[in-house]
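So the structure is just underneath, and the comments pick up after that.
Labels for the chains are A, B, C and D, by order of writing; each one numbers its residues from 1.
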């Protein structure tokens, strides 16, 4: 399943070391100003090779708009966005053809499909998120028009929350041939009350799926999250007065529907699976072996995962916005009498 | 959106104080032995009125099988399950008609739909889960045939984890007119490797959506969850030997696909929103007021939420199983030459 | 797949001789006046036992609204509608348990599911359409608010088009123990331009699926239909002037999108498969046999299929209307500058 | 909605005079041998510029496989196929920017989206079918493995059915500046019994949607189609003996499920909307005008539509095959005890 969303649907494609990656956005409204320049800066944020603490793979990640835009405006037709891989080095991975890297999807892809593209993890690579980030930029452009803004920040790396200390943790892990994870906090402001459906289309359920659908994410919280489990009702309920809510333990969502408060989401990112230290594993023949993962990797994926998480939150909100729009007339005017 | 699942799809309906609740299951395989007796015991586990610490509402929750079963076997046709409400007392809620209860969906439903069934929260009530639990019992029946078993337990109530202490916390909260939350741990054994799709159909993403789609759930973790964010790669990766995985930090899922290990999920449940203590709020005219929520409520919803969470996990796994089945021949025999 | 629609989704359930039939409507707007009285008259139109030329099965087909309506208005929640079977006579079908009736789905259900409810065709019976017709009545209620009206008429029975002659054809067929088919013409007026999506969500494609999804329908035409294949472009294109289209060969749809003209659909209905004449067939053991179908049947299903076809057209239009609504602001105001 | 299918899903993109056209196939089984060489010959069949009776637009339509194939085999990942437009001449259409061509989607796109890409009809152009035909070639490759073969032929052009006379009709229409339509007959052999779902997933309903979703198609028949409406039950029912069905009035489908017979479909194709004769129309300002459509067009689109219709039938069958596969174990082995 490579499609996400109901009304603002994206379908991504591409592998880490294949010819290209991309996305088709179906359901984007017409008449939205859009060009590659709206998308490129966001792609640049997730690009590898931009610093000493990210993978040195040199990918310009230039996006090409193949369809759906005419004279600078969207037309309501599907928007296909394409990014060519230019620094693929499949031979880096020759020795991984038959061995399952711990913490990666090598074993599970082999079991599921009976075949796998072992080059850099194929489609299970974080590189797949190029398409999501590109689509998220389009969603963000649309959301900006209606006053919704999504942002995120790194809250913790390997248990520390001071920015300098965070960088130090990454540096240390890199030196050790190891890796570290962290926590990201996302928020959306300007979200009107009413987005999200009760029961199975809850806004928080959509967000949870979107976040847990990012490789390396192992936990999702809305508002107080796990801390809520230790509060009493009197401490967790958000009281209201005539101006609105007086607190935001709920993270902006009640009964699966946005309440007008800031939407607050936290996600836990596991440490990068690829590490230079020796690890016990087995190969596809069932033989035990020890592996040391080479290639070009990030000792901490959290900074590059941040724009992906923002993109996914933007996609969920834009989708929920369109889903809600269809009932606007009925909500406002009732049965049109 | 009141439908969940792709291949094993359920659609629930009904409100807390309406005539009836139920579910239609679409996509259940034919030739599965099934009767109301398979479903009733599971419904009984979530039933109110069964003890001093649950809502005293007296609902027998008798399930009726309306379709899809013939001579004791499923036929592949949709299975409609119906439960009548018998102890609805809508008048209990008359004073809530115009007031928004803190922590509830009253305000957001009003904003979204311009109208709401205020009786016991209408469809935002936990009573809606009757349909989910009934459907989950059918999924569990199917899963048992292929050796998959789902179970769960309460790990924590209001921060304590000793069973006696947990009960004491609930008792204390009840006495105070307050409420408490807690944490549930779910697991699934016998899950073969290969369930779940990469990218947007990840097994963990489906689970996250299923769990966060339960009212009162504010956090979801797979495997180590948030703790993973504080580990190093060398400590989080699960090594393998020829017999399989040597640890289970991943919670049984790698790259969104089950790896054959136990699937482990933890969810955070907020304290019940309905409390007897006075709370600040506003009414639908915008006037400030103070509310004390009467009616019949659970001081802690965690025990009754447990079978709902188990049901949702069973539904996700059965759906993923069917989704995977369609490729079985290709995976095993390749291109059939 | 027992669900139809994207935004206005219906899920039907029930078998010909099971306890009940029904439908869940998901996505109906809130604040629409609705009660059983809006639905019952339409159900009565498709009811059996109402005349000498329809099946004598005595079913009152009383509809019960189980959810989604509060104080006479829809709430945006799923609307479950239930109809009990009261004159089921499964024993009428004992001799058909192992024999495949020609023209029926007996053989294909057995092949597909390995089991089947043989009583009156189980779910392949026309009785399944009770749920569709009930849901169609709700759609029609919504459509009336925005000025769209769906109607249909019988154009031909067994090749004749005079009403008296049509009835005579049915009478004759009944006497012979045989059956006849016919042609229905449907139309929708008040359809605004803009409904339907290009490519795979074309309004005519949705209509075609809806119509061919009715048992016994073997052909669908939009506008001139097959006659268009014999026209020249100059004769088929509908010219426009400043007041609109000057003809309607297209049947109100261009490029899959409604053009504001009357939407015109024709469908071919095959003769009822159940006939009293002896027919060659085989049983589930592979043995050849001859069958004479007893039970209670319509010698011509066309009149009772008419409200079903109208219901399906209403459902498609309501769904397309909601799908289009979500883009209304963008279409009217552009990028909201 | 630019996605078609449930298990074998395709999403197409691209406009007639934009940079490129293409398709993403999601759900193709792994381990299927596939390369551009499997797809190119089918694309060549629908290519323009190949004869005196087709549009002279010179498009090589070279397909590039961007993802989903590794070492000559599919991997189960999405397969993106790209075709660049090389002979786009948008300036040919400058004078159509503000005028609605009769029989085209110009007016309806403008009404629906408030904007349109007027160059050659943008996405409403038949050129959009490049993606469908490419995807259909992949489906056909998969179907061949399980013994299903789809083929089609032109049965009628402008009412005549002799091949030489058909060509003459096209030639004559071209000379007159006019256009003609026709009828295509499709069939699928080797279809096992059991494909298609009862009620809303009927195989014939899926086929009807697929066919009516092709621009210019105005009618669809299964088996006897409209002729069935004039038969009696005794003449239309297909009797069986121990070897199978003795006739095929049903066109291989009973109750929405394939019965093992040849699947037979007929479609009506309207005459090409673009004609050189003067036609009355209006412009987007509401002014009446007369238009003569220049550009490069086919006087009869039927021959180039044939591979598109075959592709769509292949896509429906492959999708139905995968949908059915997931229940195979249950059908064959029952409840696995």
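Note that in this section a residue touches a chain if its C-beta (ideal position, glycine included) is under 8 Å from a C-beta of that chain, and two chains touch if they have at least 3 such contacts.
Keep in mind that what you see is a predicted model, and the values were worked out from it rather than measured.
Participant: Could you let me know which interface, B-C or B-D, is made of more C-beta pairs in contact?
Facilitator: Counting C-beta pairs in contact, B-C comes out ahead.
Participant: Among the chains, which is located farthest from subunit A on the basis of C-alpha centroids?
Facilitator: The chain farthest from subunit A, judged by C-alpha centres, is C.
Participant: Could you tell me the distance, in whole angstrom, between the mean C-alpha positions of subunit B and subunit C?
Facilitator: Whole-Å distance between the two chain centres: 36.
Participant: Roughly how far is subunit A from subunit B, centre to centre by C-alpha average, rounded to an integer in Å?
Facilitator: Measuring from centre to centre gives 25 Å for this pair.
Participant: Averaged over CA atoms, how far is the centre of subunit B from the centre of subunit D? Could you give it in whole Å?
Facilitator: 43
Participant: So which stretches of subunit D touch two or more other chains?
Facilitator: 1-3, 12, 30-31, 73, 76-77, 112-114, 123, 198, 327, 330-331, 334
Participant: Can you list the residues on subunit D that touch subunit C in the complex?
Facilitator: 1-4, 6, 12, 100, 102-105, 107-109, 111-114, 123-124, 128, 156, 158-159, 173, 176, 178-183, 193-194, 197-202, 204-213, 215, 218-242, 246, 250-251, 253-260, 268-275, 277, 279-282, 286-288, 324, 327, 330-332, 334
Participant: Which positions of subunit A touch subunit D when the two form their complex?
Facilitator: Contact set of subunit A toward subunit D: 1-3, 9, 11-15, 18-22, 24, 26, 30-31, 64-68, 70, 73, 75-80, 82, 112-117, 119, 122-123.
Participant: Touching subunit A in the complex: which residues of subunit C?
Facilitator: For this pair, the touching residues of subunit C are 7, 29-33, 73, 76-77, 145-146, 198, 322-323, 325-331, 334-337.
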